[in-house]
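For reference, chains read A, B, C and D in written order, and residue numbers begin at 1 within each chain.
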Amino acid sequence: MTITRVDVIITCPGRNFVTVKITTKDGLVGYGDATLNGRELAVASYLRDHLAPLLRERDESRIEDIWQYLYRGSYWRRGPVTMAAIAAVDMALWDIKAKRAQMPLYELLGGASRKGVRAYVHASGWDYEALKVAVEGYRTQGFTAVRVQTGVPGLGQIYGIAPAKAGEKYNYEPAKPAVNSLGEPCPVEEEWDSRAYLNFVPEIFDNLRRDFGSSLALLHDAHHRLTPIEAARLGKELEPYDLFWLEDATPGEDQEAFRLIRSHTTTPLATGEVFNTVFDYRTLISERLIDYVRSSVTHAGGITGIKKILSFAEIYGVKSGIHGPTDVSPVGMAAALHLDMTIHNFGIQEFMPHSEETLSVFRTSYTVADGYLHPGDTPGLGVDLDEELAAASPYTPAYLPTNRLEDGTVHDW
Amino acid sequence: MTITRVDVIITCPGRNFVTVKITTKDGLVGYGDATLNGRELAVASYLRDHLAPLLRERDESRIEDIWQYLYRGSYWRRGPVTMAAIAAVDMALWDIKAKRAQMPLYELLGGASRKGVRAYVHASGWDYEALKVAVEGYRTQGFTAVRVQTGVPGLGQIYGIAPAKAGEKYNYEPAKPAVNSLGEPCPVEEEWDSRAYLNFVPEIFDNLRRDFGSSLALLHDAHHRLTPIEAARLGKELEPYDLFWLEDATPGEDQEAFRLIRSHTTTPLATGEVFNTVFDYRTLISERLIDYVRSSVTHAGGITGIKKILSFAEIYGVKSGIHGPTDVSPVGMAAALHLDMTIHNFGIQEFMPHSEETLSVFRTSYTVADGYLHPGDTPGLGVDLDEELAAASPYTPAYLPTNRLEDGTVHDW
Amino acid sequence: MTITRVDVIITCPGRNFVTVKITTKDGLVGYGDATLNGRELAVASYLRDHLAPLLRERDESRIEDIWQYLYRGSYWRRGPVTMAAIAAVDMALWDIKAKRAQMPLYELLGGASRKGVRAYVHASGWDYEALKVAVEGYRTQGFTAVRVQTGVPGLGQIYGIAPAKAGEKYNYEPAKPAVNSLGEPCPVEEEWDSRAYLNFVPEIFDNLRRDFGSSLALLHDAHHRLTPIEAARLGKELEPYDLFWLEDATPGEDQEAFRLIRSHTTTPLATGEVFNTVFDYRTLISERLIDYVRSSVTHAGGITGIKKILSFAEIYGVKSGIHGPTDVSPVGMAAALHLDMTIHNFGIQEFMPHSEETLSVFRTSYTVADGYLHPGDTPGLGVDLDEELAAASPYTPAYLPTNRLEDGTVHDW
Amino acid sequence: MTITRVDVIITCPGRNFVTVKITTKDGLVGYGDATLNGRELAVASYLRDHLAPLLRERDESRIEDIWQYLYRGSYWRRGPVTMAAIAAVDMALWDIKAKRAQMPLYELLGGASRKGVRAYVHASGWDYEALKVAVEGYRTQGFTAVRVQTGVPGLGQIYGIAPAKAGEKYNYEPAKPAVNSLGEPCPVEEEWDSRAYLNFVPEIFDNLRRDFGSSLALLHDAHHRLTPIEAARLGKELEPYDLFWLEDATPGEDQEAFRLIRSHTTTPLATGEVFNTVFDYRTLISERLIDYVRSSVTHAGGITGIKKILSFAEIYGVKSGIHGPTDVSPVGMAAALHLDMTIHNFGIQEFMPHSEETLSVFRTSYTVADGYLHPGDTPGLGVDLDEELAAASPYTPAYLPTNRLEDGTVHDW
């Protein structure tokens, strides 16, 4: 069946999302997520101006062929903009394929390999007491795995801390619509001090283990800010606290940096939310330098793209830990859940619930209960988009923060 | 839907085949090929006595889960008997899944990536003149790739030479119902001399290129008989004749042997028809020691199993060359064709047509034309089994040949 | 002398055993063990249907030739079914050879290199107190090496814990004749949680060293359930407790995984009970990633097969630790003891006494005293089979357990 | 001084170009090239929608800081769209810096290291005779290095062959404004056959050396189409013809593939025109798998970005061979020439003259004479943009071609 329409829908129900909508000649509709937080319009242009004309009149069933055609046909391949655009097309085509088969997508990918998708959530607090309250809240809801981040004494704003009061819902959105002196949107500038951080973090975990015992899975994100030897030190110092993983210890593009970390610590390592293709993981996986693959379906070429990464990881015993904050849309999250249900090397799924506002635009079939997510059994991805509501929330420019050291040097955020 | 019956069907319409037939509660039927040439009954026992009880009452849709359950649940994992049994179950489950989706299987695996499946055929002759006639015959039929094997002066019976007269159909079946002095079936014993072979083969290719020009793809199979340094020499000496591949140069279980071959020659290398899991390929693929993966779907754990191998190979630019003589049944061949249609790293497909007798028992939807195969568009694998006709051709013991050197030493066949 | 009969005897005196019995023209009889726990009938078929016809009328004295003939002549070589069948034939031929020489087999293998075979036994308990009682019992009996396994708080049934009461004989048989909803045999499904296990185990060893001092050799089996980095952590955390070995830390087919474990810990490592040929050990031994070879004679191609492995290991200073629970028959155990007596790189021998019921069918000449085993000096292997009693205990289907994580994912058992 | 305006100018004087124009408070203007052939508008959006607001009111003199701010501040870093956008900003800032210093840019980069920039040009022909005429033409003009490409018998349209008649100017633009059945722009689909190519190419070089002797430097581009073993073969077969380099032998994202090529041939290797950061080169350079870095300034992060690559390459004795067809604008070409003048590890510069139409919009100070280019001594980059003329040639959608094998499989173009 041929593709007759390719629409790019940009909406901001609380935060920005870019969605591709593909319509076939017989009226089937598939959705794909192309949201690239803070760089949304470049992806939208890539889709609308460069890919959409290539898709119209093309046979929608040939998913691998279309993936390769877009990947190799771009000539200037790889990178977040290109791969998010391809991802969106790929998700939409799998959505259509599964709807045509009258099956939830996970059935086409090999069927359920587990009863549900274990999720980890984000707990944060400016100090340990606030963090403790947040962790307790999640435990009450049945979650068994929590990513914990706290403020660092002497540092101001920091990655991953929701400004919410105790007991309020975690609702961290780093990309803020701040403005510069001209009234234009611009990134917040945060500051960073690795030594202050390294000297403070172990105490937090010591407190957590004291208060929550050994069974709770604790995750932590260093957000690309350490040098390899600093990361090695942190991993080693956190060994007594049995981390589920230490994430993004060093800047991701430098795969070989993990050799040094890995030689010093048995703390499990995760990375890859900024990765786009299997080549970003080649050394990391083939040398077993990491334990979890953190790409999102949205930024790694869609179902077809991330499956190539996860199949490669499986050979080396490396597991999935798919990226899942609200910077992927409910469509991207649904795609993750269908994959999570079926691959053998599933590890854990990141979960940060979308706002009610977002979920009124994107109506999802997936559910959450007792610390588990389930994609649901609606044919396809199980997400519908209310285009009228979407149109009512137009794009609002927003940037992810940036980071500087005390002396003003740009640092990885 | 649950599985209600698991039948193991052994039949010999010209040659032996073992087929698993899985029936679901709502009456869908899937077929899988478990044929292990010369060791058929051990696989049939594995299926009937050990796996069938595990499958009844199980949810047929959970293919990956069942694969892992059978693979890891065997404890004593790997090997041809185990993996052929698992392969048959896996193929049958994919057959059912695609029938339920009302799609040919290749649609579920990602859709068509090409218009058809390029095949290579087997040409042979005791001398060059006979070989030439055979090659000419295939060219007339439109085939563009031919595996060529000839006799070697001074050696008697040899692998891969069909005893047919010039112009007759190639109908090579190495597993023959020979008998020993007690009237029991036993393997033919052939003899081997690597130096005679090495000194003779280049001349054959010189003749072939002279008579057929440069465009015809020529393949050759050394059938595990050379040492690494002999294989290196052969690869180097054949470089002027532009082989599509040199196959099974050395015994397959010794992956590292290919390092030596590879360091000496740019002749493309293929191996793996006796391999069963991705671990048999780990060094070969990750060090790029081969160019083509030669496993069959039947002996490498089915669609699920061989996809793990081929996905791994794709990362390293290694292509498929799926095993396809008549020792896989039409069910196993159909599974190969559905995969061939969809994976990006398709290389070529081996094709040796089944006899009319075989095809009267196994009714296939796949077609051959102009050197290409096509799996057809019947939902599922597209193969039906006539159980009555199958029952009329009972199992007939037959063995693959064995090999000895002139002094009587056992050699790889 | 030619072989005139090849019988395959399946019996269940407490548990299933498959035995090959080879009879020569002059009436000598040899026995070989082909027991593959939970997959017995596939091996029996392999022997009866595919190998027996090849052996009749063949010269029984040509053991190496027959081994190569069966190994290379199978074409589809390797794997547990194939190698257990070949192993049984090989053991029976060595039994005959030694009987013909009127010598215990160890004499033909090079003669005694030690006064006896140091054994380790299995102690277990749901908690430390029960384990302690079990260990004390073995100490009293004179054993100097004990494999210790305990339950893990929060987990139910677990590998290696005999359900016996304190003071009773350890009699652990994981393959249980459970039944599914159709009344058919099926595997027990156990559950697993690596983090719970890792957090609990070190305390057990701390207790053991406190209570039993430093001289007792302590072994532990992780039974293929950890990831490499988890195994690395465990090895590191157990270093203060001086393990004799940590066994099967990760799934065995992934040899390269041991590189990561090995880089983090000096705890000695053992693996291989599921291995069948030297190729399963090639990376492990040549890179010195393990310290002990754990294959059984029964699953690794017999005396001839395992000697190839152990000779290779000797070059790299890797020692033997032959597999020896009751899932190898007394025939297989006798074969191990004869080898243990003679090879230089002997390490230790696993020992789990067969039941009285088993020993009434298999009458053995080997003895146990003061923590040592001795094969005895009866010509041959020193095991006789009472065929009448054997026939009185017919095959009873039983499966090894399988494992799932809490979310339902299949895990290695 | 602060930046007051950031304009993005899209124009199509014969072909599409994207240019960033940065204006400072005191009226200095800098230009940067952001042209990404076939994906222009996505880069334009990236610049206009996402980067421009970050630049206004920022201090234009802090080039390294701005580069890091844009690179690390994008969070989703790397890839052609991101890095072309950053490149354009970086070039414009260097243009301003040099204008402020009243110096040609090469003076600020360390001053001239050579009298001029040796260039290689593109000669092509459907057959050898046409190629020969083209090469002769360049020799007459004084060029000493020529990239030669020809048609391949049996293949139609092929990369790198200008359709010009003998004697006409080479004017190859692969991105053509073709249209699909809906009248929309779409890529041309070419076809490819590696064996036909490999069997034909050596003869061309044999002819070239016969007709042009040994002093002329010959370059050749395989344009990502070979497998590593095919590339190894080609490199080996071309050794007698003393290539200056063999370019883009295999798909660029797979750095390790070059290990295999490198082990078989001493033909110098070049790659990288599709690379964007130093990480794309890390294995290639640190293992000395290539001899020339082929990135453009435009696609590799500008002056600041490509200098990081070239400084790394210098350590390993790898030289520059900066990309320079007309798909970089005269601004991007000028940036290359300023770098070429000053770095020590200069190798050669690709040169394909822009059309008169292009050069009427972009007025350049660089010159060409006797096979050498010179950036000229105008302060800054030495390129002015006629905005009125630019506006008169609006963007015209065009795509680079794609490639398929004979069976329809997508292949690298």
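By definition in this document, a residue touches a chain if its C-beta (ideal position, glycine included) is under 8 Å from a C-beta of that chain, and two chains touch if they have at least 3 such contacts.
These numbers were taken from a predicted model, which means no experiment stands behind them.
Chain centres were defined as the mean of their Cα atoms; on that basis the chain farthest from chain C turns out to be D. The pairing of chain A with chain C is characterised as different-residue: of all residue numbers used at this interface, under half are used by both copies.
Taking each chain's centre as the mean of its C-alpha atoms, chain A lies 34 Å from chain D. Computed centre separation for the pair chain A/chain C is 46 angstrom, with centres defined by C-alpha atoms. Distance between chain centres (mean CA atoms), chain C to chain D: 63 Å. Of all residues in chain C, those touching 2 or more other chains are 254, 256, 410, listed in ascending order. The touch graph of the protein chains shown belongs to none of the named shapes. Here, these are the chain pairs in contact: A-B, A-C, A-D, B-C, B-D.
Within the complex, the chain A residues that touch chain B are 59, 61-65, 68, 97, 100-103, 107-108, 110-114, 278, 282, 286, 304, 307-308, 311-312, 314-315, 342-344. Every residue of chain A that touches chain C in the complex is listed here, in rising order: 113-118, 214-215, 217, 239, 242, 244, 262-263, 266, 268-269, 288, 291, 316-317, 319, 344, 346, 372. The touching residues of chain D, counted against chain A in their complex, run 36-39, 41-46, 49-50, 53-54, 56-57, 65, 68-69, 72-85, 180-182, 184-187, 253-256, 274, 276-277, 279, 282, 299, 397, 399-400, 402-403, 410-413.
Taken in their complex, chain C has these residues touching chain A: 154, 195-196, 198-199, 227-230, 232-233, 236, 250-251, 254, 256-257, 259-260, 263-264, 405-410.
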